[in-house]
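Naming follows writing order (A, B, C and D), and every chain is counted from residue 1.
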Amino acid sequence: MVDTVRARSRLYKALALVVLLVIAILLPLVLKSNYQLGIAHQALIFIILALGYDVLLGFTGLLSFGHIGLFAIGAYTSAILVMSTGAPFLVGLLGAAVLTGFIGFLIAIPALRIKGHYLTLLTLALGEVIRLVIRSADSLTHGSSGLSGIPRPDIFGYSFRQATPLYYLLLFFAVLAILFVWRLKISRFGRAFMSIRDAEIGAEVCGVNTSAMKMMSFAISAVLAGIAGSLYAHTMRFISPEFFGLGLTTTLLAMVLIGGRGTVVGPVVGAALLIVLPEALRFVKDYYLIVFGIAIWLCVIGMPDGLAGLGRRLLKRARLIA
Amino acid sequence: MSALLEVNNVSKVFGGLTAVDGVSFTLEEGQILGLVGPNGSGKSTMLNILSGVYASDGGTVVHRGRTLTGLPPNAIASAGLARTFQNLQIFQGMSVGQNVLVGRTCRMRSTLFGSILGSPFARREERESRERARSLLERVGIARYMDAEPSSLSYGQRRLLEVARALASEPSVLMLDEPCAGLSQGEAEELAVFIRTLKASGIAVIVIEHNMRFVMGLVDRIVALNFGRKIAEGDPRSIRENEDVIAAYLGRKRHAHH
Amino acid sequence: MDTFLQVALSGVTMGCIYAFVALGFTLTIAAAGVVNFAYSEWVTYGGFIGVTLVSVFGLPLWLALLLTVLICTAMGYLFQWIVFTPLEGKHFLTTVTATIGIAVTMQALATLIWGPYALTLPTFFGTGVIDIGGISVFPHNMLIIAAAVILIGGLQIWLTGTDMGLRLQATAQDPTAARLMGIRIRHMRTFAYCLSAALAGLAGFLVAPLFVVTTTMGFGLMLKGLAATIVGGWGSLKGAVFGGLIIGIVEALGASYVSSEYKDGISFVIIIAVLLWRPRGLFPERIAEKL
Amino acid sequence: MLTIDNLHAGYNEIAVLHGMSLKVEPGQIVAVLGANGAGKTTLMNTLSGLLRAMSGEVLFEGQPIQNMLAESIVARGISHVPQGRRVFPGLTVQENLMVARTAATRKAPGGWDAALAQVHELFPRLKERKDQLGWSLSGGEQQMLAVSRALVARPKLILLDEPSLGLAPLIFEALFSAILEIRRREGTTFLVVEQNAEQALRVADYVYVMELGRIVAQGTPTEISRDPAIEKAYLGA
């Protein structure tokens, strides 16, 4: 009985995913302007970034305020590699992923000893220092005026200059990221991450090497941030240090929390929602932020598990009634 | 023949207070050992040292000829020492089945990429671990909650979940910290029966427990602590009649122990 | 030497402001266990309310200062009631996120009310400079330092010399034991929020003439306040004061002898350096050893 | 004075007390004995209002108090000396006592000065250490301070939770004689839960034995010390 319920819920889940994917594939047919496609581009990039943040925050329970710093490093690394050495896009992307992964790994070393709010403040300071360094390394980054004219992705001679092909490229990466994080979650590594989040000492005596797992979690989330950064640089074609500030950290945090931390669908929905919503509500921009802040507050108080948790609860109730 | 676990002269100091003071005892294969003593006598500290949660300030712990002293908890778990907690350390955000699977971590070998890409080895390992987790949950009688959240379990069932999780690492020594706290009389009796089946399957057990009725009826041997020191060791009958133990519990006839 | 003293004096001035901010931020952590990331906005509002009272309503500065502190206190009372009560006893992650949300709302609201442009507040003593032993001193700086001495000294006397002060300390140190002494910890917490908000108003008002009032003013100050809590000890009121002064002085010296370009980075470097050296800050909290 | 009837209580949804009933008469010293995990601290925390009762009734001077807040119960005249003492670590001895003042302190003859003098007379050590911070006191001194904090509130009933815990025998003997002295002078009633049976049996007027959240035996100290129930409660059948 239990097994059939499980199998059926799995089937529904798979079906929902296929439907979503089909919608995502057909979306460019509906989106008329490059402006609308541009929003879709951003949503896809932030899905990757939020998924990586969720690995750290939602799975492993580590609150970093410096994640945007890694995103920035990814963006600048890729842009500089491609623009100043003429390397192909894929090399820039790879370079960004490797460098951010390495830096994530470095951040993890002190993070093993520094806990709770101290870790949050350390990462906040690191993120700001990264931004200051980018701003003052004029010769490489053009300082606060930013880097412009970053070329669009070009893979084996095929240029993703047009908005629609670029959309499919980003969709491809986002789907890869979703699959990766989903497989991670149901693997022994994902379980180890979550056990650290829920009861660190319990995890240790269960044989989880908490140090190694925290490092891995930091590195994975950093690699995803690096990839997202690279894609951002080559999609927007302009980056500046001001963009990668603490305001963006807040937005990222809200994406994961409103969507539902510790889940795969949560950051996807959260990122899409928080990119599309302000654009849709552009005419009330100032009011939007007022409502947005209160919504964050309401979410953590009233829906601690985010939209994903709310959805699960509603489904359960529906099943009980049926 | 050397013992399964040898604890030699172990000490632990917190600030100025000596919580465990030169305690030694041995545990044989398939034995059930009770660790008793009044509040603050150092039992929990002892268990924390054995499981690696605390580093000891002196002495050695030797398991099957291998010195465990100074190893981190996860290495001690791999060596075959598993434990439960008095104030439960359940992974609340994971299903009951996943909780038990975490207990198997130290027996799993698949790599990150093997797991993500679903290599044949990783898939087989995952499947086998799942089956083992299910059979362990069946043994403690909560298999039907495999996909439920731990919060839907009763307090007693959560204790059993921790036992199943500890057993998932295939330990040779299982350490239970106050397994009866919060259990009804009936549940405690069921637990005693279950612990005896573990003994029958060759697992040695160390139990810390305040419920003396439970301890006396279950264990083969008792080590009694007071003020961090071992004050008596022997079978349950001799412990119950031991003057020092009675004094430690009831405050009668105090000798110069401290 | 004179330049050194000059720089040190301006460092002490800013240090006093940081101390106010760190103190107010720490008060709610100590008394209610709530980390209030919206504190930055409370400081901002202190500045804006001050400007409004002076330039729109034409109130004299002293009255405006008094009213600003009063309005902020009322705001603190209202906030603890509506915003923070649901957060008590919740996880650090929850309170941080919720208060960041509140900060976003308050900042957007400030932009809506006062606009995105910088506003200015005149000082009490004009822009003149007085000369004390070869050092030129802005009278406003002296006012800030005097306010800090009076306020922090007064707070110290109040905390240790009055029933209410002792009860607040008891609540911070052990709320359960405090309840057993018949202390109404609810009232103590409400009071801590009001005091915290009053300090924010004061800091915002006093700092305004030194710079300009913008919607991000409080945020910059709070980052310094955070650095102060790391240096002085998380949750410690004394630590907040010392930490604030140290950050202010180090920052001023660094800006004048190293590079003013990196002035804002100094407090971040201090945070990183201190935490790498001592993972739980310079003066770690006592934590329970038992499982 | 205090009547507990069929009390059920515990933490979260887990009951620790399964129908406790006991009575304390004015001026008595009543001891509740039991091994660890019997539910003694849960009983104390429920009486002082730190925990809500699940069901049952607690009458103090004829009034139900089981749903009152800790702050109001202190005002009614019940002071709880918690397990582990819980002295305020960052306050001096004097400040710890000042914090414990209530309306009753002021109303009593002599007010605060008399209360302080009484404490200093009972525990001269606290007078010597009056400017020392709470955390720097020894265990025995902390226990004296914890009892004194309760005394300052001029209560009718003092709840003592494991006063002997972690104390050397000589020190808690001194503590118990101080308790007898307090009762002689003020007529204060005491409810003491203890693991250390011998000491409690010496001073108590009436004794209850607790096992797994229930009363399993009661009587005068002489009756109880002969009762096999007590040894059973501690050492198993």
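In this text, contacts are C-beta pairs under 8 Å (C-beta built on N, C-alpha and C of every residue); 3 or more make two chains touch, one makes a residue touch a chain.
Only a predicted model underlies this, so the values are computations on that prediction, with no experimental measurement involved.
Colleague: Across the interfaces A-C and C-D, which one involves more C-beta pairs in contact?
Modeller: Answer to which pair has more contacts is A-C.
Colleague: Averaging each chain's C-alpha atoms to get its centre, pick out the one most distant from chain D.
Modeller: A
Colleague: Averaged over CA atoms, how far is the centre of chain A from the centre of chain C? Could you give it in whole Å?
Modeller: That pair's centroid distance is 33 Å.
Colleague: For chain C and chain D, let me know how many angstrom lie between their CA-based centres, rounded off.
Modeller: A distance of 42 Å separates the two centres.
Colleague: Please compute the C-alpha centroid of chain A, do the same for chain D, then give the distance between them in whole Å.
Modeller: Each chain's C-alpha centroid was found; their separation is 55 Å.
Colleague: Taking the mean of the CA coordinates per chain, how far is chain B from chain C in Å?
Modeller: Centres of chain B and chain C (C-alpha means) sit 49 Å apart.
Colleague: In chain C, what residues contact two or more other chains?
Modeller: 291
Colleague: Find every residue in chain B that makes contact with two or more other chains and list them.
Modeller: In chain B, 53, 85 touch at least two other chains.
Colleague: Taking each residue of chain D in turn, which ones touch at least two of the other chains?
Modeller: Not one residue of chain D touches more than one other chain, so the list is empty.
Colleague: Could you please specify the touching residues of chain C with respect to chain A in the complex?
Modeller: 35, 83, 86-87, 92-94, 96-109, 111-112, 219, 223, 226-227, 230, 234, 261-262, 264-265, 267-269, 271-272, 275-276, 279-281, 291
Colleague: Would you mind writing out the residues of chain B in touch with chain A in their complex?
Modeller: 51-53, 72-74, 76-78, 82-83, 85, 89-94, 98, 101-108, 110, 112, 115-118, 122, 126, 129, 144, 146-147, 165-166, 169
Colleague: Touching residues of chain D toward chain C in the complex: what are they?
Modeller: Touching chain C: residues 48-50, 69-71, 74-75, 79-80, 82, 86-91, 95, 98-102, 149, 153 of chain D.
Colleague: List the residues on chain C that touch chain D in their complex, please.
Modeller: Per the touch definition, chain C meets chain D at residues 160, 163, 166-167, 169-170, 173-174, 176-185, 286.
Colleague: Considering the complex alone, what residue numbers of chain A touch chain C?
Modeller: Answer in residue numbers: 61, 63, 110, 113-118, 120-122, 124-126, 128-129, 132, 136, 201, 246, 250, 253-254, 257, 286-297, 299-301, 304.
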